[in-house]
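Okay, here's the structure, questions in a sec.
As written, the chain order gives the labels A, B and C, with residue 1 at the start of each chain.
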Amino acid sequence: MPTILREVRKHFRVYAVLLRMNLMSQMEYRANFVTGFLMELGYLAVKILYVVVAFSSGRSVAGLSPDEMLVFVGVFVTSTAFYAGIYMTNFFQLSAIVKDGSFDTLMTKPVSLQFLATLRRNDPAIFLVDFLAGSAMTIVGLSRLPGLLEAWRLLGYVFFLVCGAAVGYSLYLIPQALVFKLIDARAIAGISDSFWDFNNVPMVVYGKVGQAIGTYAIPMFLIASFPSLFALGRIGGAQLVWGGLAPVIFIAISRIAWKRGLKAYTSATG
Amino acid sequence: MPIIEVSRLSRDFSYYEKAEGLSASLRNLVRRKALVRHAVSGVSFSIEKGEVVGFLGPNGAGKTTTLKMLSGIMHPSSGEARVLGFAPWQRKKDFRMRISIVMGQRSQLWPDLPALESFNLNRAIYELDRRDYERSLGELVELFGIRDLLQVQVRRLSLGERMKMEIAAALLHRPEVLFLDEPTIGLDLLSQRAIRETVRSLNEGRGTTVMLTSHYLSDIEELCERAILINRGAIVYDGELAGINASLADRKVVKLQFSEPVVREKVEAYGGLRSLEGLEATFHVDRSAVRDFSRRVLGELPVADLTIEEVPLEEGIARLYRGEGGDA
Amino acid sequence: MPDRGKYAAAFSLGIRSALEYRANFLFSILGAVSPVVIQTALWTCLYDTGSGASGDALFGYSYRQMLGYVIVANLVSRLVRTGFEYDVNSDIRSGGLDRFLVKPIGYFGFRMAHFAGSKSAEGVFLGAVLAAALAVLSAFSGASFGAAAILGFVAALALALLLNFLIFWCVGLLGFWLTEIGFLFEAVRIVAITASGGIFPLTVFGPALGPILQALPFRYTIQFPTEVLCGRVAGADLARGLGLGALWAAALLALGQAIWAAGVKRFVAVGS
């Protein structure tokens, strides 16, 4: 037991060093800082566009009020901060570092390879755009809805947000375990991107079957819909349980997938 | 007990035939042919603690593949290996804490930051406490003469300086075994020399076991007493560098300087002529026949000067690659 | 006069690289599935007024028309997508541009021929997917796609490819001035796709912004071919659209040449 704790503490320490190095490294490329910011702003605009279109149509989306939609978008955007700011770059770079050999060097370090390969790089500029814009939208929306801005609710919301981020992580990792065999990880990451994109609209839009698939089979709705349903006080009992359980299950699956993929890589590539 | 033990290690790669031309590309869409390449075939050797061993061979000989198997990056297809008592491909944490690998032309240092930052990352990764880290860093700075380079952005360093920093970063945690894969590749002569100095001082200073691959003979000549020659996946020679020539010392090089031009046919008649340019002729003569040969040419040809030399190491090695020469 | 054979070689190279990265292309097609599903779900939800019927038109499209738009626009969006701007950037970075400054074939010609080649290969496959999608649409919504519409579509598609190529040619050349450019490409791409009607038809942008966007060249990369195929734009409108699009192409071509000239001057003077 103490060994595991020591290892976890060590990984936190290494992550702290990596955070600092990433920040310093990116300060070097001011152009990148700015264009990364702009790119994320672009994606943010598209997310907001979905909601704006829903409004200008004059119809309602499954009975959600404008303020509730605002909360929903805000939650989705905040969630995207974790994805885009913390693990996105790593997944898109994975096949590049395999090809140029840096992956091999990482393999010889006495730190979790999965940790290094998926969390090594992070993007503070992108994280900030999404986290600030998203949190602002969520808080504004919640404040306009009676009685929703409570401490315990916010805590629970954060909990489900983190669970959603963990599920998102595994949805990226599981397909990537195939990367060791295929040419380009970007295409695979593109598929996981589409899982993420399903959260552009609240899950109620997809009907009963769609919601079931997106909750239990490929739990992409846990990323945005669950945290916002919780914040809005609209979450059901079964969803509460699954919301806490699914991340554990899927992180475990992604770990297994990673190990399988690694074994294939070290045994079979040429 | 040897620190590295390798027994009949083999590694095969399967790959697809690459298509040439448009019609072949289209055909490949439907069906591709799988081929097998034997990168490493039944390689065996052992290395004792503190040795500096050179792994020499042409490109594609299997050097890097062997190194990858010994550092845990790759699984072998068959055979066994033990490094520090571990099977490398199990990648146990204790194993990874005690070894280090540096691959030429690949960098683990972050290019936009000073090397010191990457060193700091290694400190966290290898769990060094402050005192150990600073002592180790201090030693390496002295040894390699890199004090002024610590705060410079890695991408602003010259290739040679960068490689020094790479090796320093790899040594912070005092690994017992250091794998160096083509460390001088792509470097200019001065940098190559500097790296060799570095590796030499490292072994003398800390007694680190070093396994070094290269296709540059000079790397091996200057650093290693022992060389393992590998060609097409198999070991061709394993022993002292000087021994390569000993095993091939059945021949010597005889150089003649003539005082006046000699007809070519007359020179060729003695056998073993390698080159004849102007007034200089070079022969390869069997060791046992050198005395007689020298007596005859001195008596029969207008020789102004005669020198007898060893066959150069390169040629000895080249002959070993080709499979000629004495016992390995 | 540049050697014809070299353009043919670049074209063939484009085909081969498209074939080699076929897995990539397959995944990008699969990537079109999710926007179609998301948008279809959204529109189905919005058009459903509770009375069960498909409701009135929204943003100028009936429910069936909107579904048709969603499917066709997303597929067209994939087809006209570029990626060569990354290659242009790396050629500039690595100095690989040098050999093109000396050879008789211009870099522009090379890139265009390569793009045409890879798009031809992709187009065959995507054409099949599109045909299947249209068959499904006809069966489901009774929409029909006449020969005139299809011919007009081919012309509009060619124009769309040309325009998208020119747009991203100009963007790619920014590599002469900016070192790290990956994010910028993606930022431009997401804005371009949105402004092209690749997510929603441009009418959703309202009476003020909508017409402005309709006038820009982006419209001709996705929305225009889509509307032609769906029969919303035909005859005189079609001809006028093609003409305006061609004018934009000429303008972008001129812009591209100007940027190239300035960039090469800088490149030669400063190095990469």
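Odds and ends about this structure:
Keep in mind that, in the parts below, contacts are C-beta pairs under 8 Å (C-beta built on N, C-alpha and C of every residue); 3 or more make two chains touch, one makes a residue touch a chain.
The structure presented is a predicted model; accordingly, all values stated were derived computationally and were not measured.
Viewed as a contact network, the protein chains are fully connected, with every chain touching every other. Chain centroids computed from C-alpha atoms place A closest to the centre of all protein C-alpha atoms shown. Distance between chain centres (mean CA atoms), chain A to chain C: 29 Å.
With centres set at the average Cα position, the gap from chain B to chain C is 52 Å.
Separation between the centroids of chain A and chain B, computed from CA atoms only, is 46 Å.
For chain A, residues that reach two or more other chains under the stated contact definition are 29. Across the complex, chain A is touched by residues 13-15, 37, 68, 71-75, 89, 91, 93, 96-97, 99-101, 103, 106-108, 110, 112-113, 117-118, 120-121, 124-127, 153 of chain B. Contact residues on chain A toward chain C in their complex (touch as defined above): 29, 31-32, 35-36, 38-39, 41-43, 45-46, 49-50, 53-54, 56-57, 59, 61-62, 182-184, 186-188, 190-191, 193-195, 197-198, 200-201, 205-207, 210. Per the touch definition, chain C reaches chain B in the complex via residues 12, 15-16, 19-20, 22.
By the touch criterion given at the top, residues 10, 13-14, 17-18, 21, 24-25, 28-29, 100-102, 104-105, 107-111, 266-270 of chain A touch chain B in their complex. Per the touch definition, chain B reaches chain C in the complex via residues 19, 22, 25-26, 28-29.
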